[in-house]
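Handing you a structure now.
Should a chain be cited, it is by its letter among A, B, C, D, E and F, assigned in written order, with residues numbered from 1 in that chain.
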Amino acid sequence: MEKIVIKISGSLLYPPDKKYYEKTREVIGKIINKGYRIGIVVGGGPLARSYINSLRELNIQESILDILGIESARLNALSLSSALQPYSIPKVPKDLTEAIEIFSNNLIPILGGLQPGHSTNAVSMVLAESLNANVVINMLNNIDGIYDKNPNDPRSKKLDKITYKEMEELIKNMNQIAGGYELLDHVAFELIKRSKIKVIFINGKDPENLLKVINGEKIGTELIPD
Amino acid sequence: MEKIVIKISGSLLYPPDKKYYEKTREVIGKIINKGYRIGIVVGGGPLARSYINSLRELNIQESILDILGIESARLNALSLSSALQPYSIPKVPKDLTEAIEIFSNNLIPILGGLQPGHSTNAVSMVLAESLNANVVINMLNNIDGIYDKNPNDPRSKKLDKITYKEMEELIKNMNQIAGGYELLDHVAFELIKRSKIKVIFINGKDPENLLKVINGEKIGTELIPD
Amino acid sequence: MEKIVIKISGSLLYPPDKKYYEKTREVIGKIINKGYRIGIVVGGGPLARSYINSLRELNIQESILDILGIESARLNALSLSSALQPYSIPKVPKDLTEAIEIFSNNLIPILGGLQPGHSTNAVSMVLAESLNANVVINMLNNIDGIYDKNPNDPRSKKLDKITYKEMEELIKNMNQIAGGYELLDHVAFELIKRSKIKVIFINGKDPENLLKVINGEKIGTELIPD
Amino acid sequence: MEKIVIKISGSLLYPPDKKYYEKTREVIGKIINKGYRIGIVVGGGPLARSYINSLRELNIQESILDILGIESARLNALSLSSALQPYSIPKVPKDLTEAIEIFSNNLIPILGGLQPGHSTNAVSMVLAESLNANVVINMLNNIDGIYDKNPNDPRSKKLDKITYKEMEELIKNMNQIAGGYELLDHVAFELIKRSKIKVIFINGKDPENLLKVINGEKIGTELIPD
Amino acid sequence: MEKIVIKISGSLLYPPDKKYYEKTREVIGKIINKGYRIGIVVGGGPLARSYINSLRELNIQESILDILGIESARLNALSLSSALQPYSIPKVPKDLTEAIEIFSNNLIPILGGLQPGHSTNAVSMVLAESLNANVVINMLNNIDGIYDKNPNDPRSKKLDKITYKEMEELIKNMNQIAGGYELLDHVAFELIKRSKIKVIFINGKDPENLLKVINGEKIGTELIPD
Amino acid sequence: MEKIVIKISGSLLYPPDKKYYEKTREVIGKIINKGYRIGIVVGGGPLARSYINSLRELNIQESILDILGIESARLNALSLSSALQPYSIPKVPKDLTEAIEIFSNNLIPILGGLQPGHSTNAVSMVLAESLNANVVINMLNNIDGIYDKNPNDPRSKKLDKITYKEMEELIKNMNQIAGGYELLDHVAFELIKRSKIKVIFINGKDPENLLKVINGEKIGTELIPD
């Protein structure tokens, strides 16, 4: 039985869109029925950013801003875990042990953030390690994979595959400010390198894309070792 | 030393407005320096409503929607408690005992919701009881007190005082659906009646109003026993 | 598979009577074997009242008295959950999420109170919501249902059905003092109205009555929408 | 500043007697004002025994019966900690670390039991160790100290002092069944021997006796090393 | 289905030996496959002693030293529970209720210590009670059972059986200092006497011995009632 | 009042050396008396490595190995916090909020690790942020600062200052395997860059070096922005 970790961009979950939640529940149900076991990590997205940006102007400590981001992601996770019943229960694990416990009861653990200094991308990697998952599917917000340039650049084009090294170049200039994690931050990337888990970036706007990946269709961008 | 519980409408805290947080911190600092001791309860406001409304359409259990409302209020509480440092610490009490503990360390406990079926107005009353507070100041969103009719009715006028009985009439038709608590729900009202704590409703849009009330100015609406 | 929430009066559990516990275990076993899934909420009863009444005379805060009532109910819940092994485990959920988690492991969650301002009757309603239960069976202490007058009045008679409106009239004069909840307090009643869950009041003195209700016998009083 | 641990028999606290709580608060206040720092441990007493005796007949596991005893003692502790405000807060520490934390905030930690197999007498010893207390004052229920024979024997007489060895003889035949701990069980005694903390047994029925001991009056029985 | 509690000496688990962990996992797997259900308690061993001995010289409180011992045992327990996946999960229960919960999910709960004043031997007894286990198998470090004299004495010989009374004589002179528990301390012994659970001491150095005992081979020493 | 975070290498704390603990307590006492406020983070050191290395050979998940490292560091933290009483209490914060709470009570919070993927160096940075500390003093094990080459190389020499960029070069080839963090891992380094907190590396073998740094002596290596 294959195990999958799904990372969902916070932008896809807040403001909450009834149809998106409904569609996601339907797709998750199909994947479960195919015999897969799933863990989910969701981001804080615009909810996190609205708190963080306002409070940063008040000179609140960066690590406290991180905590606001974590709790925002957890609220999205609670919302999603409510919607995905009975595949999940409305409870957000606060650490990996709780996640493993829920998973061992054949339920989907749905996590937000864990601790300051860690993006939810990084969380998806440690969750994948903990559950012995074979792959992390990263559902991006309204973009269909990783681009060779700034995706707003008309000359940019989507990559089918990208190596660790190439990826590293892309994320080089990203900064570690709370709420500013994008694509893959340094921590997440270090974890990918240590675990060698397969990561596939897809457009999360349509949950059906999850099924496509699982059925072996070549969509999105696959991150591969050098 | 007088003890005060302040209830802040969630609409005032999300989306977060840097200036509002800043002003609130300044006013709270002044009140503390006058020798008052403070407990705060914040609502879930539009954040809570956005989750609740979407998920209700998916037929999620009402009590789980309540929990989403509680966690939304707690996120607002975390945000405010971060901003009110060093008068508070970035920690949201999950029950009254934790609130009492923080209060006994001379810090401001800042709570969101507590349990399904309870509005944050009700929480402000049990917090007031627990801290032996003399008054609850209820900061409304952009309205300066309680009106004798629907405030949108041009013939309505703000009341300076309102008795329990009159209040009871006003709230009679309000329903108990999660996120639908307004002014004062039944539970909160029952708690007011048992505790006989003074409640003053003011326009929370300008935090200075807090100082005015404390200085004895007659603004807003005072709820009084029959 | 039908889901049932059972509310047991605290008076039936303390002082503990070995035979009552034994009989209850036997009946619960039969219900489980018929394929039903169960959640239980127990009251604080005389144990709660003895603490509350003494400490109220010392002017302890009402919400702290509520907490004493909650912990008394939890002690009854622990006692019952010990006795109902292996259908339950000796652990009392502190919130609905824990209750859902135990339930999802095919065990009976047995709750006492949750938070100040909430009767255990109110808890039974939010538990029913959370578990998607179809009915709450309320086991009264030594009275076989709801009466049209004070049951001590010889002219009073037991009602087979009672509408929300009629019920509301009956409970109108009950007060919200800690430990003073009877039949159905305001909060519980508001929750019934929002959830429209069927509630049946029976004489809990004989646990066999539970089986009778489940087998469709018309005993006790059924609370019905207007 | 001298540190004292007070052990109070559960029989003195349940059924709760308003006057006893009131008197105890008064005496504790006086001791605090003399500059002493205090930790308290209370027993489960008749409350614990009522649950344990009934459930033992149902063949519930002994260690679960212990847990019922612990939670009963904690309910007494919660009740007492509510009554002793503001010297304490209504929170019962679940382990020594929490007790130390409350104590370091200049509040009285009030504990019930800790773990199966441990009497509350044993808890009073580990608490005394943890707080570096100089003495444990053990308030017995309606007996003024330790007797050389069964106190019901008219020839018995109260001892002013008793050595470890003599004490050991006295407790030899006591058994370890849950709720059956009396005077000093084996575990508590082992802990006394390792810590060499002074233990004084007094009649707890009159809280004034606490003050007498602290003022150096020779009442009760002192347990002394061989 | 028979239930077994296994107590493993801390000396066998730290410093960690990859082969020992591997062999233990293999043997546990075989026992599970035979249909047994298992709970495990591990000691603190040399890890606990190194902390305790150093800090005792600094006059740290004995009960805090106990806590260091407990946490050392829990670290061994975490290590073992990681290695015994998927029969266990990497989570160490902090109380019996958590242990029962894990066990009821068909996983092996693996505990370290519980509370000051309690050896891990005592913990193995209360765990056995809680799980209704029929036997405790005590895996000693590199000695094949209980000897009639100091095992270093060349005239000593291993006993096949030992009665409670004989055992009591043997442990008489052992002291209760933190980290100094050996074979069976007083608390553990009291618990054995109350529960009458069968205890078998074997050489834990070779995990295969576990299988031998379960298959009915007469190895080690069996502790029997008088 | 200046605030300092001290990071202590796990190698300095385990195996525990009574004299080192004693000396550290003495030095910390002096620093406190000078009016500084302190937070401490300790590493897992050889204790962590012994578990991690053995269990990695059994193919245990990397993130679970991280958790073993975290718990090892917490055991060192518990040990140190016991020894540093009364400046600290024997409790190890599990998240930043708990650390802030202890700190706000004028006690030293002493943390081990927080979450998988995070070294204790990274923890020291988020703690410094949370406490608004001005500097992190990093006590290395038996080396007096950062060297321009492998310190075993006889041509290497200690640097008095090192810029972020130079540091980044030095750590480039370090890998992220659990327990393999040295000097400064990538995560810690990202956090330093975002917070711009001053970091000074000193030889931790002699706790007196702490006092020297605080007194303004130029020892060790200071990490400075480019």
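Throughout what follows, a residue touches a chain if its C-beta (ideal position, glycine included) is under 8 Å from a C-beta of that chain, and two chains touch if they have at least 3 such contacts.
Just so we're clear, the structure is a prediction, and the values are computed from it rather than from any experiment.
Q: Kindly list the shared contact partners of chain A and chain D, in label order.
A: B, C, E, F
Q: Same or different for chain B and chain D, where same means more than half of the interface numbers show up on both copies?
A: different
Q: Between the options E-F, B-D or D-F, which interface matches A-B on more than half of its contact pairs by residue number?
A: Looking at which residue pairs coincide with A-B, the repeat is E-F.
Q: Based only on mean CA positions, could you tell me how far chain C sits from chain D in angstrom?
A: So the centroids are 35 Å from each other.
Q: At what distance in angstrom does the C-alpha mean of chain E lie from that of chain A?
A: Inter-chain centre distance comes to 42 Å.
Q: Find every residue in chain B that makes contact with two or more other chains and list them.
A: Only 64, 67, 90, 97, 105 qualify.
Q: Could you list each pair of chains that touch one another?
A: Pairs satisfying the touch definition: A-B, A-C, A-E, A-F, B-C, B-D, B-F, C-D, C-E, D-E, D-F, E-F.
Q: Can you list the residues on chain F that touch chain A in the complex?
A: 61-64, 66-67, 95-97, 114-118, 122, 125-127, 129-130, 132, 175-177, 185-187, 190-191, 193-195
Q: Along chain C, where are the residues that touch chain A in the complex?
A: Residues in contact with chain A: 97, 100-101, 104-105.
Q: Of all residues in chain E, which touch chain A in the complex?
A: That would be residues 86, 89-91, 105, 107 of chain E.
Q: Can you tell me which positions in chain B touch chain A when the two form their complex?
A: 14-18, 21-22, 25, 47, 50-51, 54-55, 57-58, 60, 64-65, 67-68, 71-72, 74-75, 78-79, 82-83, 85, 90
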